[in-house]
Structures are given as structure tokens and as C-alpha cells.
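Report on the structure given below.
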Amino acid sequence: MTSPSITASGAKARASSSLGFPLILLICVVSSAVLYFGLSQLDSSYAFLAAYTVLQFVALATAWNILGGYAGYVNFGVAAFFATGVYTSVIIYKTVQWPLLVTIPVAAAAAGLLGLGMGYLTLRLRGVFFSIATLALAVVLNTIVVNWSFVGGSRGVYVMRPQEIILFSSYERYLFVVMLVLAIGSVLIARTIENSWLGRGLAALKDDEMAAECAGVPSLRMKLIATTISGALLGAAGAPFPFFVTYVDPPTAFSLSIAVNAIAMPLIGGTATWLGPVIGALLLGTFQQIATVTISSALNLLIVGVVLVIFITVAPNGIIGFVKDLREKRR
Amino acid sequence: MTKLTRRQTLALAGSAVATLATPALAQTSPIKIGFGMALTGGLAGGGKAALLAYQIWAEEVNARGGLLGRKVELVNYDDQSNPATVPAIYTKLLDIDKVDLVVSGYATVPTAAAMPVVMQKGKVFLSLFALAANDQFRYDRYFQMQPNGPEAKFEFSRGYFNLAQNLNPKPKTVALVGADAEFGVLALEGARENAKKAGIKIVYDRSYPPNTMDFGSIVRAIKATKPDLLFIGSYPPDSAGMIRAIHEVGLDATMVGGGMIGLQFAALKQQLGPLLNNVVCYDLYTPEPTMNFPGVVEFLKKYQERAEKAGVDPLGLYIPPFAYAEMQILEAAVNGVKSLDDKKLADYIRANSFSTVVGDIKFGDRGEWAKPRILLIQYRGIVGNDVEQFKQAGKQVIIDPPQFKSGDLVVPFESVKR
Amino acid sequence: MGNSLSIENVSAGYGSVTVLSDVSVHAGDGETVVLLGTNGNGKTTLMRCITGQVVPSRGTIVAEIDGERHNLIGLSTEEIVDLGISLVPEGRRLFPRLTVEENLTLGAYRQSARERIAASMDFCFEVFPRLKERRTQLAGSMSGGEQQMLALARALMASPKILLIDEPSVGLAPILVARMIDKIAELKTALGLTVMMAEQNFEQAARIANRGYVLVHGQVAFAADSVDDLRNSDVVRRLYLGVG
Amino acid sequence: MTFSLDLFSNAIVSGILLGGFYCAIAVGITIVFGMLDIVNIAHPAFIMTGGFIAYFANTQFGIDPLAACAIAMIPAYYLGRLLYRFYNVAFEKRGEESLQGLAFFFGLLFIIEVALLLIFGVDYRFVEAPYIGPTIEIGFISIPWRLLIPLIVGLGLVLVIIAFLSRTFIGKAILAVSQDPLALRLVGGSPVKVKEVAFGLSIATAILAGALLIIIQPIEPSFGRDFIGRVFCITVLGGMTSLPGTIVASMILGVSESLTSTFLGPSWSPAIAFGLLLITLAVRPVGIFGR
């Protein structure tokens, strides 16, 4: 019963890889260049900051999807990894003051390590147990940060942006470019995983873990790789955050809205392929950004909730799945 | 009404001609004041009340004919109590909406997140209840409305320990307890120092996490140390929880209270009612005769009439007068320099003293009030749970500082066992 | 007033895998019909088709209950059970963390059965005194034989007209298999049931069957009008009796 | 912190009192999440709804908060059934309940929370009742009625539900569906109908739990989020499907939080509770009472 579905997802993966990697890379580079110069034309740092927020969600949604979408392991503890990135950044800022570009890999490594550790601890758990364990992890980390005065503890910590930044006319632009690179990097990594033995293995696990194990898929190793990469990318996306808000306290770094968005966006876009989270994040992120500055009341959140529920109900496989269904029907 | 407004407008417009190159255009386009405000999430209670105060001010100003002959328009967005939304909100306000002036949202976190954006544009920045937010930035166009003074953390407990020190017999021990969040930690830090200075021994010193449900075990642990004084640095839900637990466990001490956020709000006053008797707490304004600044009664009346419809605190004693005063300062400064130039405005605000509904304000180091004015009040004669009684004088007696004092400290605090 | 079951030209499978092709099987009023065949030849799938767990890709399944004809295809499992067709499923599928008594009570889920729970339970305890002894024990903690008894008793609680039994002998010691088959025969006579039983154990099944079918690779390889015909058929001899 | 018998016994009592309340908030989750496999993370939002119903009835009509919510449990039960029917058609029938269903409840959590915010505003709300305030003294142990009532009602609620599940036919069917939905169909029961009843029951318990919450402390709409973790933690610790397990797990959580906050300092108590959960999941993933 399982072998047909494994081959099916394998076929799907091959189909999406019909666009070669160099071509995708080229598209990314060209589109980001267009985006950058397009935003520059607007002559406003608002565009860059708004885009930063949206791109941060692209990175988070993509990173979450590596474990949640491909392997079907729902990570509720996105905030734990994001905050690990945030606080690694804070620690580096308060001690050695390395530049952001050096901070990001360190933050990614720290969050990746956390992912590996969490994987060892919890990956034997199936389904919702795993999800709850990740939620607990976020609470435990939150408590540790609250009690750790060096990183500001519960009072929070100020992070000053550097005065000058080479090559860029403003720090907002710099932050934007950093997040753009992180988002594209995450997407490329996710896409590479999807088309590799790892992606096919994870898809098999998602279909039927027991059968996959019987068929010789090294499930634990695969899941550990997936949690590590997913965690690292989530952490990397958190590293620039202190410089974005300049003041970080635990409720901000462990914010529920981060977790909600990182999960809702892939679901709205579609979890099966790398494109789903990207579309979901672009749509929902942009929508939230617009709603914040237009509706700007409690209704804003209400609308996000309603949109989410409607989408989930009408298009349960996300936008990607919906479009695919439409095409198949037409055929 | 219309006639009056027009006449006023013309009168003010005359003065504006001197500074503005295009007075005709200026008359048609309003002065936009932008800010993000917490209308949802954890800070929304304060945020919505502050927004109402701003709105009352804007209506009044417009009824008087506006600022510099131009109407005033508030442009505000909901920051959802989430600092991550703030940088984008302020850049939108400044770049896209082209607001003329900005003020901060409610509380520290959103203020801090707005700082880099505001600083980059060189805007004058009045902030509302942001604790020591400028200590790091050292921005010279920043002014803060909460009367903490430059050394905020000591102020929340200064009056408390001053009074304690002078009691006879002098209290020997103090228990410190507070919420594990920004304010609680800060208030406790200050209390620790003040206790040391006053020569009072700390016998319990712990913080509890936000969302703690049961304070019984904490209060019991405190009671076991038999402190003479109990100083609390808490947030709204836990302020109520602590006071209830104190009565339930039966903790008696010379003085109980201190830095409890939430007791200033109608909801908690009403709920705790008689349990508040003899509790001491920091406050910023209470309707005592010593605080009868010009305009404050009228403002509160207007606010209280509209509070229910706006779904905000029905008394509005804590944040709204200061939010209103903030706008009064902005108004006075704009009228003073007859321009919207940020540098001139900042220089003017720094140099002058302002008469507002919360008294005379002069700014000092880092944009904090030059002289701190945190009040220590004591609840007296609270009967039942009627919220109206808190509008009267004599219920929230000011016991410190001396110049606003309206009554003497009454000791000891005795728990009500029912 | 007959209770019979007619399966005509049924094909079914899972996804792209076809398990049954063009199977026609019939059980007349009061008959005991046995489906023979080794593992993986489609007996369980056929049972699932009858009980609505698998929807056939083609063919018809019609049950006649008290003279009234019902088309079973398209009905849900619970609707089919509600008509008076009970299945003792492969692997028994008891509620392991409920007691014997609770399992039996739930067996009488049908509206018409619920009214006589007490009487049905008394009957079951009479037939299976062992269950009475263990009435408060959790079903999951009993031995295989006891569990099979409970599964059978639970199916009877629904007061069925047609009883389907899928592999009652699996996992049981030979002596228990014989006893179980005896019980089925006894119940069938007592209650006037129409029985369709899938079984691997030819000798035991043959003791109580009126007729039989042999399923091989999802097709009816042989349909016998009597037990003797079965015993003499080449297919059966090849499959079961080790005669070549 | 120095140890004393007085403190220790009071901490235990406090923990048990708190545990009683935890029972009431967790019982609904144990039913839907543990037994029916529905990850209703919007459950805390229903608890908040209950709290605000109590608030509304109490301030507008002077009705006792518990009485108000006891009445409200009836419409809540039917609302819950309706909600499940929608969930079933939209997600379970399509076999997409795990991920999409989760997101659905996420969205619902937001919608309810904001709806409460729009109706009741952002201020902390509270109720008045004769049992809020007084305390019983037994020797050196003090028991506030404010916490004792939730303990009694919370435990009572769980016991009533245990009795309901083991004594009634539909109750047994709910237990059966949690063990083997297919087997239930084979005896002629419709899992959908049974789950509908159970879901309605779970929502009804949430409403009552809301009354208990607002008796214990003032609430505001977004307060419920804090419970998501705690509630699931209790259910998992208790072994998912076991209601007695839920009681024990609630007590363990309550007592461990209380002991930690008395002797180690309160700021560590959430980490202790969740640490306990992480260890349980790692060492014995089926929980204390799991089989």
C-alpha cells in the first residue's frame, strides 16, 4: 500500500525539479535585484522594512516546512529556534561585537544544535506528542532566558545599530538585503532537500513511517538532519531581529505570533513543495503588513484568523494544491 | 460655533503667515501627528486609554482653531503590542503618510523599537510611559512623560522607604517580591538599594513569572520570614492576586504595597474594594486637593463620559492625564516656536517649563522629568466595590512627597480575615 | 421471510491494486457458507466489501433481511450493521480497555438490539460461561480464545440475521478452533442465522458448512454446492489436502 | 528558603487547590485530544468565553458565575456539536485533520480571542460572589474559598464525566471510539455521531472552567493563550486518554509548581512543569497513566 505513494511523491519531486538549479538561482538573483531597485525607486525606507518583515516570514515558513511539511512533524516551538537566533545575536553583540554577517552563521549553528538535541530527545515521539514536546521546549527556553540577566533577563536588552554601514545608504536597506539573502538561501536549501534522497525519504516517512522504516529508510537519521537544518534556518532568520527592533525582551522573542505565522503560512500556500511556504508567506505577510497600516484595529487580527480558517477549509492543500486540483479537473 | 472657529482660525493663521511660506496651502492641509498604539494585545488597556486622551486633545485643539491655523489630524496604527510591527509603522508614518510630528505608543517596548527610525529622521519624540528607554540611545530630542526622573528605578520605592525609615519603631526587615518582567525587575532593583540605604534588612527577595495563578504559596513563603515591610513590584493581574493572597494567608506587616501596577486602574480598584485599605502604592495622580492642576478636572470629566463607549478604563486617573499633558506640551512647543521644525521644537521643549493638567513639567537629563514626581498613596476608607468612590478625595491619600501630601501614613497594615 | 446475501460480479481493491475481480458469492436463507482460500486471496477484502469498509469498483451486493431487499453498496458500515448484518472481524477488534460486559453492551448498538440488551447478554453468558466469569475483566487482558469468544458474542449482541465471520481460527490452538466451530454451529441453529465464514482451516470449516467457495487470487476458483463437492474438488485438494 | 512543615504543607495544599482547577481546564482537552485525536488548541479560547459569560451574567444580572456557566453549558454543548460537525465535514472526511485541522483551530483561537476583545474590551474583568474573599483556617493551613470552589467543581466535573463515560451507553461508545473507531462501526455505531457528542461535552466543560478561572483571578481576552501549554502538558502527563490520569497529572503539576515557587523561587516554576513534561515524553512517552 505504501510503495505506490512513495513512487508518487518521488515522481512529483522529479516533476518540480524540471527547472534546473542554476535556472532557479538565476531567477532568484534577477528577481531580488529587480526587487531591490524597485524598492529603491519608492524612495522610502518603509518599503524596505515592510519587505524585511515579509521576507522574514518567507524564511521562517520555508524553514518550518522542511520538518513540518516534508516530514509531517509539526513543530510548535518555532519561537524557541527563532529566539535562539535572536539571543545568540544578543550575546555576540554584548561580548565580541562581531558584525551581523558573522553573527548569522553562529546563530544558525546554535539553533541547529538545539534542533539536533531536540531531535534526539523527542523524535521517537509521533505526531502530536512531538508537537507538544516542541511547545514545552519553547517554554523551558523562555524561562531560562527570563532568569538569565546577562541577556537582559525579563527586563529586555537594548541592541544599538552600528552607526555606519558600508555599501548601503541606510541600515534598513542593509537589513533588507541580509534578510533577502537569508530567505533565498532558505528557499534554495529547501528546494535542494525536496529533490534529494532526503526529501524523498522524508515524504515516505510522512506517508507511513512504519512502512518506510521497514523499507529501509533510515528514519531517525533523516529526521535528525531535518530538525537540524530546519532549526538552523529558523535561528538564522532570528539573528538580525535584535537589530531590527533594537530592544528585545522575552515576550517579543518568544512571541506566539511568530509560531502562528510560521505554521499558518505554509499551510495556506501548500506544504508539499518549497513554493507553498513562499507563496503563503508572501500573501499572508503582505496582507498583514497592509492590514496593520490600513484597518489597524482589533479587526486586523480577526481578519487574519478568518482568512486562515476560510483558506484551510476551502483549499486544504494550500494554494498550490488548489491550483493543481483545478488544472487536473480541466484536463 | 462655525463662526467662532473661523474667527479663531483666522487669528491664528495670521501668526502662522510669518513662518510659513505658503499659508494658503497650509490652511487646507492639516498637521498630521503620527504614532503606533497598542490597541490589541497585552498593552491595549493602556494604549486605548491613551488614544482616547489624544483624541480629546485633538478635538479640543481643532475646536480652538487648530495648531498654527491648521487642523490637527491624528494618524495612528495598531502596533498589536508587538514591537516587530513598530519600525515599519513609523517609517510608514514618516515616509508615506508624511506626518509632521510623531509621538510614541504606550510603554517601553514599542517606544524603544521606534527610536532608531525616529532618530534617523531627526524627529522630536515625546514618549508615554517608556521606562528609561533613552538611557542607551541618548537622543537629545526625546522627552518622556512618566514622572520617573533620571533615576527611575529608585523612584518607585523612594517614598516607601523614606516613610518606613522614619517610623517609630523603625522597621527592621523587608520582603521584596515582584513580577519577572521589565517593571517588576526594575522596581525591585531600586527597592534593594533603597532598603540598603535605609538600613533595612532584606529577608525575602524573589520574583515570580508572569501568568502565575496562585500567589498563596508565595505569600506564605513571605509570611514565614516575618517581615516588617512588604514591597511588591507587580503587574495588573498579579497585583490583584497578591493583595487577595495577602488577605487570605493573613499576612500582617507595618507597610504593604509599593510598586504595584494595576491598582491605578478602575477595574482592580473596584474588584479589590475594601481589601485595599491601608495598602500603599506608587501612583502618578489621584483626585486629592493637592493635585488640583488647572484643567485636570475638566479633562477627566470629559474622558470619563466617553470611557465606557470607548471600552477603556472608566476612571482614567493613571495614563490619560499624562497622555493629554503630552499633547499639551507638544501644542505649547509648536505655538512657542511657531514652526514644526524638529530641532527648534526640541530646543524649546528642553529649555522651557510647561503647565499641564498634571502640573508643571520641566524636562532634564535624557528627556526625563527634571524632578521626579512619583507619588506614594495610601488607600483609606474604601467601602464596598463602588467605583465612584475613587473619584472622591480622601480615598487615595497622598503620603509622599511632602509637597503634594494630603494625609499621614497610617500603620500597620492588617489583613482582613473573613 | 428470508435472510440471504448475494454478491454479484464484484471487483474491488485498494488504490491501484486490484484484490477482487468479478466475484460472485451467494448465501441463502439459513445456510452456512464457507469462503476458503489461503492468506492474501481476497477473503477479508470481500468481507470488507459486504460491510461497507471497501467500496467495490463494480458489481452488486444485495442483502435480503426478513424478506426485504437492501442494496448494500453505498451504505456506511454502521448502516449495514443496523440492517442486521454483523461481522466478527479479522483480528477481533475488541475494545481492549473496556470490560467484557462493556464490549457486549456496545455490541447492542443497533436501536432494535438496544431494547433487549439484558436478554441478549444473558444468552451470551449462557453460551459462553467463560465470559460471565470474566465479565469485569478488560478485554485486552484476556487470552486469544477468550477474545475470539467475546468477539463472536459481541456480534451476536446486535441480534443479527446474517452473521459474517472472518477467520475465527487465526491464532488459536487446534482444540480451541474445534470448540469455536462447534459454538458457531450451535449458535447458528439456536438463532436461525445465515452465516458466511471465511476460513483457512478446511477440515474445521467443512464440519459445519452447507456449501463453499474457494477464492484464489481474488477470483472464485471453485463453487461447490455441497461439502462433498468441495472435498472432491481439484482446487481444494491442491490447496489444502496436499494432493497434487 | 528555609524549610518548614508549615510552609511545606501549605504549599502542598495550594498545589492541590490549583490542581483542581487544572483538572477542569484539562478534562475537555483529554476528551477531544486524548480520546478523539482532535487537536483543539482553541480550547483555551472557549475557556475564556466561559469566563466572559460569567462576567457578563454577573455584572449585568447579578447571577452567580458558576450558575451562569452551568446554564451556558447547555448551548455550549450544542455549539460544540455543530463545530465538530463542521470540522468533520471540512477536515476529517477529507483525511486532512492533522495539519489543516490544527491550523483551523489556530484560526479559531484568534477569531474567538478578537471577538471577545471587540465585545468586552481589553480591561481585566472579574466577578463578585460570596465565596470570593473568605478563607478557611485549619490549624496552620489556610484554604481560600476562591480556590476551594474550583477544586470542588473541577474534581466534581471530572468525576461526573468519568461516571458518564463508564455508566451510560453513549459514554461507553465515546471510550470505544477512542480505542478503535472501526470496531465501533462494526457494532453499528457511527464514530462521527459519538465524537460529536464528546466534542460538545468538551466545549461545555471549557465554559464551566471559564467560570472557575474568573473566580480565581481577573481575566482579559488574550489570557487564554497561556494555558495552551499547561493544558496539553497535563493531558500528555496523564496518559492522553485516562481521566484519572488527568486528575493525577493536574495535581502533580499544581503541587510541583507550588513547591517550586515556595522553595526555589517562583520564576522557575514554569520550567519545572514543562521540564517534567519533556522528561516524561523522552523517557515514557505514553505518560504516567498511558498503556
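Note that the chains take the letters A, B, C and D in the order they are written out, and that residue 1 is the start of every chain.
As a working rule, contacts are C-beta pairs under 8 Å (C-beta built on N, C-alpha and C of every residue); 3 or more make two chains touch, one makes a residue touch a chain.
Please read all numbers here as calculations on a predicted model, not as lab measurements.
Visitor: Using only alpha carbons, which chain's centroid is the nearest to the whole structure's centroid?
Guide: Of all chains shown, the one whose C-alpha centroid lies nearest the global centroid is D.
Visitor: If you average the CA coordinates per chain, which chain's centre is most distant from that of chain B?
Guide: C
Visitor: Given the two chain pairs A-B and C-D, which is bridged by the higher number of C-beta pairs in contact?
Guide: Counting C-beta pairs in contact for A-B and C-D gives the edge to A-B.
Visitor: Taking each chain's centre as the mean of its CA atoms, how far is chain A from chain B in angstrom?
Guide: 38
Visitor: How many angstrom lie between the centres of chain C and chain D, each centre taken as the mean Cα position?
Guide: Centres of chain C and chain D (C-alpha means) sit 43 Å apart.
Visitor: Counting in whole Å, what is the centre-to-centre distance of chain B and chain C, each centre being its mean C-alpha position?
Guide: 77
Visitor: Rounded to the nearest whole Å, what is the centre-to-centre distance of chain A and chain C, using the mean of the C-alpha atoms as each centre?
Guide: 52
Visitor: What residues in chain D touch two or more of the other chains?
Guide: In chain D, the residues touching two or more other chains are 114, 117, 267, 270.
Visitor: Would you please write down the residue numbers of chain B that are in contact with two or more other chains?
Guide: Each of 40, 42, 180, 207, 209 in chain B touches at least two other chains.
Visitor: Listing for chain C: what residues touch at least two other chains?
Guide: Counting only residues that touch two or more other chains, chain C contributes none.
Visitor: Could you pull out which chain A residues touch chain B in their complex?
Guide: On the chain A side, the touching residues are 43-46, 49-50, 52-53, 143, 146-147, 153-156, 158, 160-161, 170-172, 241, 244-247, 249, 251-252, 255, 257, 289, 292-293, 296-298, 300-301.
Visitor: Provide the residue numbers of chain C that touch chain D in the complex, in ascending order.
Guide: So the residues of chain C touching chain D come out as 51, 53, 76-78, 81-82, 86-87, 89, 93-98, 102, 105-110, 113-114, 154-155, 157-158.
Visitor: Spell out the part of chain A that touches chain D in their complex, as residue ranges.
Guide: 68, 72, 74, 121-122, 124-125, 127-129, 131-133, 135-137, 139-140, 142-144, 146-147, 256, 260, 263-264, 267, 271, 298-299, 301-302, 304-309, 312-313, 316-317
Visitor: Can you check the complex and tell me which residues of chain D touch chain A?
Guide: Within the complex, chain D contacts chain A at residues 33, 39, 90-91, 94, 96, 98-100, 102-104, 106-111, 113-115, 117-118, 225, 228-229, 232-233, 236, 267-268, 270-271, 274-275, 277-278, 281-282, 285.
Visitor: Write out the stretch or stretches of chain B touching chain D in their complex.
Guide: Interface residues on chain B, with respect to chain D: 40-42, 44-45, 48, 180, 206-209, 211-214, 216-218, 220-221, 224, 236-237, 240-241, 244-245, 247-250, 262, 265-268, 271, 275, 311-313, 385, 417-418.
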